[in-house]
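Quick heads-up: structures coming right below.
Across the two complexes that follow, subunit A remains constant while its partner is subunit B and subsequently subunit C.
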Partner chain A sequence: MSTPAGAPTRALDGLPPRRIDYGRLFSLLMLLAPAALLLAVGLLWPFLTMLRMSFLDRYPDPSALTLEYYTLVLGDPYFLRIIGRTFSLALVVTVITAVLAYPVAWFLARSRSRYKHLVFLAVISPLMVSIIVRSIGWTIVLGNEGLINALLHGLGLIDGPLQLMQSFWSVVLGMVHILIPFMVLSIASVLGKIDPSYAEAAYVMGANPVRTFLKVTLPLSVQGIASGSVIVFCLTIGAYVTPVMLGRGKVLVMAMGIFEQMVVTVDWPTGAAVAMVLTMGTMLVLIAYGLFLRRYSRR
Partner chain B sequence: MNGSINASASMGGATIGAARVDLDSVKKWYGPVLAVRGVSLSIEPGEMVCFLGPSGCGKTTTLRMIAGLETPDEGEIRIGGEAVNRLPPWKRNVGMVFQNYALFPHMTVAENIAFGLNMRGTSGSEVRAKVEAAMAQVRLADYGDRRPSQLSGGQRQRIALARAIVTRPNVLLLDEPLAALDKKLREQMQVEIKQLQRAVGITTVFVTHDQEEALTLADRIVVMEEGRIVQIGAPSDVYERPKSRFVSDFIGYTNAVSGKVEAITAGRARVSTASGHAFEVPAGEGISAGDRVDLVIRPEKVVVDPANTDGLMVLDGTLVHTVYTGAVTYSHVDIGAGDVLIAMSPNAHGEAATAPGGRLRIGLRPDTMLMFPSRG
Partner chain C sequence: MSSSEALSNSHAPKATSGERALSLYVCLILLFLALPIFIVVPLAFSSDASLSFPPHGFSFRWFVNMVNRQEFLRAAGLSAMLAVVATICSLIVGSLAAVGLVRYHFPGRDTLLMVFMTPLIFPAIVLGAGLALMFSPLGLLRNFWGLLLAHMVVTFPYCLRTSLATLHEVDKALEEAAYTLGANRWRTFRHVTLPLMRPGLLAGATFSLIISFDEFTITMFLAGPGLMTLPLEMYNYTEFSLDPTIAAISTVLLIITSIAIVIIEKLVGLGKQFS
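On to the complex of A and B.
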């Protein structure tokens, strides 16, 4: 027991020293090649182009490097509001989705009910309908002549129509509805793999169900919440269709801002700068989140 | 890794719970299946009892009912005289080692052991002291900062034990605790578990399908079959005096010839076999002249080529085949009409000389044969 605690070596554990198997490495690279090529052409190339564009004076006639567009974007209250709104939207949607999805995921992972398959079908059903159809569906429900207003009016509870659309929360509602399957499936797949004997061991050691959940099951399922959150956060932050349909131009998000700059005002460098802010911001949030979860699940 | 658990290390002063455990006509259904069919048993304080049986015999379900992880549908379970049927597991104060150990992968070894103490609201300094004592007791004092994934199977087993006893439970429950280990480590852990159990004096119930484990560890063995207890007794009782053909087959080699009871006189039955032999064996209850019976004998009670034949019944046979296991050899001897008896002989002078197909004499004392009604 002379090795420092927590630092086992491969030799001590009786494992052979690592060797690089070049044949294996080559076949791995070949397997990765198609996906890597697609990423390079479809993502890396446009990304680098945009990056260049955002730093160059007068694209496409590059003369000098400049921070002009970034100071423009980050100094403009209009853009700052859009950036703030976009990140809060993504954050709120992620949190709500996680809270709503966890119990459903629990049911899917643990229940032996015969209605399990029906619940599973209900969970993934939003994925079978296109985003635009679902967004129009919410318009039918929330619109001025929509279901809710008609109902409330019919009951005599309101005189004029309530403004349910065109608000931040109507966009949240639509986004949660669209993205919840990803969260449920991510959490359920991890919950399903947790050996039930962990919870039983906690019970026997004196932990009631609430403490067992908080101390054992939840930390063990953090990976599922993490992967679900990353998917939901990234899809929300880049969302375009749902904010347009349910916000009716009143809820401006960054994807719309970029579109406006590039297509409407044909100001590509500013659009590129907004896109870079979006990308970098997302990456920063994801890194911070990853570090936080790592700490939590190791406790 | 060799050496034994430090039996002298104290668990920190106060006496550990050595509670009596009573099961009273306990039954459990799984849907339409009656998994446990009325089990009654009293386990003395400090006793080590083993539930032994094939898979599906209800032994694990019974253990889980004592832990509170399953609820009996009928009957009563008492721990220390108190009925616990309605107590959830987190209020029962039992310790349990799971078959896969169930060590929390997101916690260090020390955090795993501290878990039960923290749930009981033990103060921080006391938790540290007890965790350290428990780790010392299983001889893994320096491993507190490791993750379970960084431990070997035997080390995980010991940490699981330390975690189960650190809270000083009333009863220690072990569910197939050695099944995941290889043979050599299993034998070593058997000794360690026994020493630890003696040292802390805790009432212990463990479940196994391995007869050798049961014989080695238990003060009393409870043999179960299809949800029922078929025999309770000390290891030597169960081995030497099995009450049924099932028990004799489950514990030890199957070694039987069938025959017919010709007559019973003065407590002895005369049994003739197809091979033309007549065995005079002690008459059992419920067997009368004319019955078809099986005669069972342990292989170590059959002597190959006996030098001294005093009091032995000598049979001539043909060696069918031998199983060499290192320390001993098992000789399968055809004594006529296809009746095969297995004889065990120690390899004190090297391997046996006779080759399969050769003639071989074997000797046995008919007194040591057990008679059971034939299973048809």
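On to the complex of A and C.
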């Protein structure tokens, strides 16, 4: 056999080679190149196109770079209201989702129930159901001829139908429904790693269950809440389908503003500026999360 | 008896009221999750012309309407085709990258992994609009290949993640054995690593198929007349008529999804892919 026994082991173990192994380097590059190319062409390029577009003075035939469209977007009460609504929607959805998801995550991480596996399956299965189907479902539940109105009418509590769709809170409901599985998974994965003996220790030392939870378990699981919140927040500020289908034109969010500007009024630089504001919102959240993780791991 | 034993014994035999409350709460949340999904099923068999609940009669006419409308069938065909091709491509790209990230140690590896996962949180509406701006001078708007690229970007992280998860479990000694016995890197990958990664690849394929089949926001910028996916066609239909046809299509989709969930659960265990 021509290959010495030591060399491949080192190559596979990833130990630092004594000198650069060009064959190994080449195969590493070959392995990563397709993925890097995919993201460069399919993510970075469109992002840079969008970034450039947001600074052009007009399109087509740009002649100069300008901040005009940013000042326009950030100075216009119409856009400001949309931006404000989008971020408050994301905040409300994140808080509600975290509160609702925590006990479910706790159940998945701690319970000795026989049905735990089934519960897990039931929590993640909605992820596989089309968002359009789910919006139709909410229409059937909340609509004027829907389930809730039929129930209330049947009980004699109302005469005419209640307007449950087309409101900020119907969009919140739809978003919470979509995002709960993400939050449960994030929190459960962290809760599962916490050694139960910490809580037991606190309990033995005389802390009551509530105090034990607030002082020991909750702080230890903050990281799961934080990573879940980042996902939920980012997915909410970029959401389009749910606000359109449950808001039915009454709840304008940034995603709809971008679509309007790009496709309906074909004002690309303005649309690009709104898109960049949205992207910056996402980035700020990610940076805040990064800072939080650094501070948190130092403690 | 140690204190921890005493503790768990005091908890174990009878379900405490706290535990019962928690179980009840979990049931309520599951009900909340299931409600808008399963409520479309009875409406699919409704004889009413609107999505009113409860339905006043039983009929199959909305299923007949669904089959008679050519656009839904055509759109379903395109969606399926797109999902399959995008999944195959993403799986290849994702599994190769996974091998690079797990089996090789190099500076910046964790950062690179994070970069590869960005499509998961990058706002879809921005990506869709950006791709539309980029594609329009290239003539890739309303073009199958443009759609394919977009769908690969969104499905790739799922393929990468599931590949990474299984690759961590594949025993490196097996690869070393093949390598020591004279197989080169490619043959080792092809005949040893790849077959061992099969469960992860299957799970990745399932997720990727579903993500691509359901993709709406990005596709809405890139598709158009003559190139419509099923979610877009369904959305367009609801814009004009909210009748149970859409519930009938949803019911068919739910049945297909349920079968997919059962298959993947039997083959690889859905739970394993998340923990």
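Of note:
Note that the second predicted complex is superposed on the first by the 247 of 299 C-alpha atoms of A that agree within 3 Å, B and C clash if a C-alpha of one lies under 4 Å from a C-alpha of the other, contacts with A are read in each partner's own complex, and residues count from 1 in each chain.
Everything below uses one rule, namely that contacts are C-beta pairs under 8 Å (C-beta built on N, C-alpha and C of every residue); 3 or more make two chains touch, one makes a residue touch a chain.
Since we're looking at a predicted model, the values are computed, not measured.
In the superposition on chain A, A:Leu220 makes contact with subunit B only, while subunit C stays out of contact range. Contact with subunit C, but none with subunit B, is seen for A:His117 once the two complexes are overlaid on the shared chain.
Touched residues of subunit A, counted separately for subunit B and subunit C, are more numerous for C. By the touch criterion stated above, A:Asp195 is placed in contact with subunit B alone, subunit C being left untouched.
Of the two partner chains, subunit C is the only one that A:Pro34 touches; subunit B does not reach it. In the superposed model, A:Ile187 lies in contact with neither subunit B nor subunit C. Contacts of A:Val204 after superposition on the shared chain: both subunit B and subunit C are touched.
Counting contacts by the rule stated earlier, residues 1, 5, 8, 13, 197, 200, 203-204 of subunit A appear in both its interface with subunit B and its interface with subunit C. Across the interface of their complex, subunit A is touched by residues 3-4, 7, 12, 18-19, 22-23, 25-26, 29-30, 32-40, 43, 50-54, 92-94, 96-97, 99-101, 103-106, 112, 115-116, 118-127, 129-134, 149-150, 152-153, 156, 160, 172, 175-176, 179-182, 185, 210, 213-214, 216-217, 220-221, 231, 234-235, 238, 242, 246-247, 250, 253-254, 257, 260-261, 265, 270-271, 274-275 of subunit C. Put simply, subunit A touches subunit C in their complex at residues 1-3, 5, 8-9, 11-14, 16, 23-24, 27-28, 30-32, 34-35, 38-39, 41-43, 45-47, 49-50, 53, 100, 103-104, 106-107, 111-113, 117, 119-126, 128-134, 136-141, 143, 145-147, 150, 177, 180-181, 185, 189, 192, 197, 200, 203-204, 209, 230-231, 234-235, 237-238, 240-241, 245, 254-255, 258-259, 262-263, 268, 271-272, 275, 278-279, 282, 286. Per the touch definition, subunit A reaches subunit B in the complex via residues 1, 5-6, 8, 13, 195, 197-198, 200-208, 211, 215-216, 219-220, 297-299.
Contact residues of subunit B toward subunit A in the complex are 67-69, 88-96, 98-100, 102, 104-107, 115-116, 119-120, 141-147, 150, 152, 163, 167, 173.
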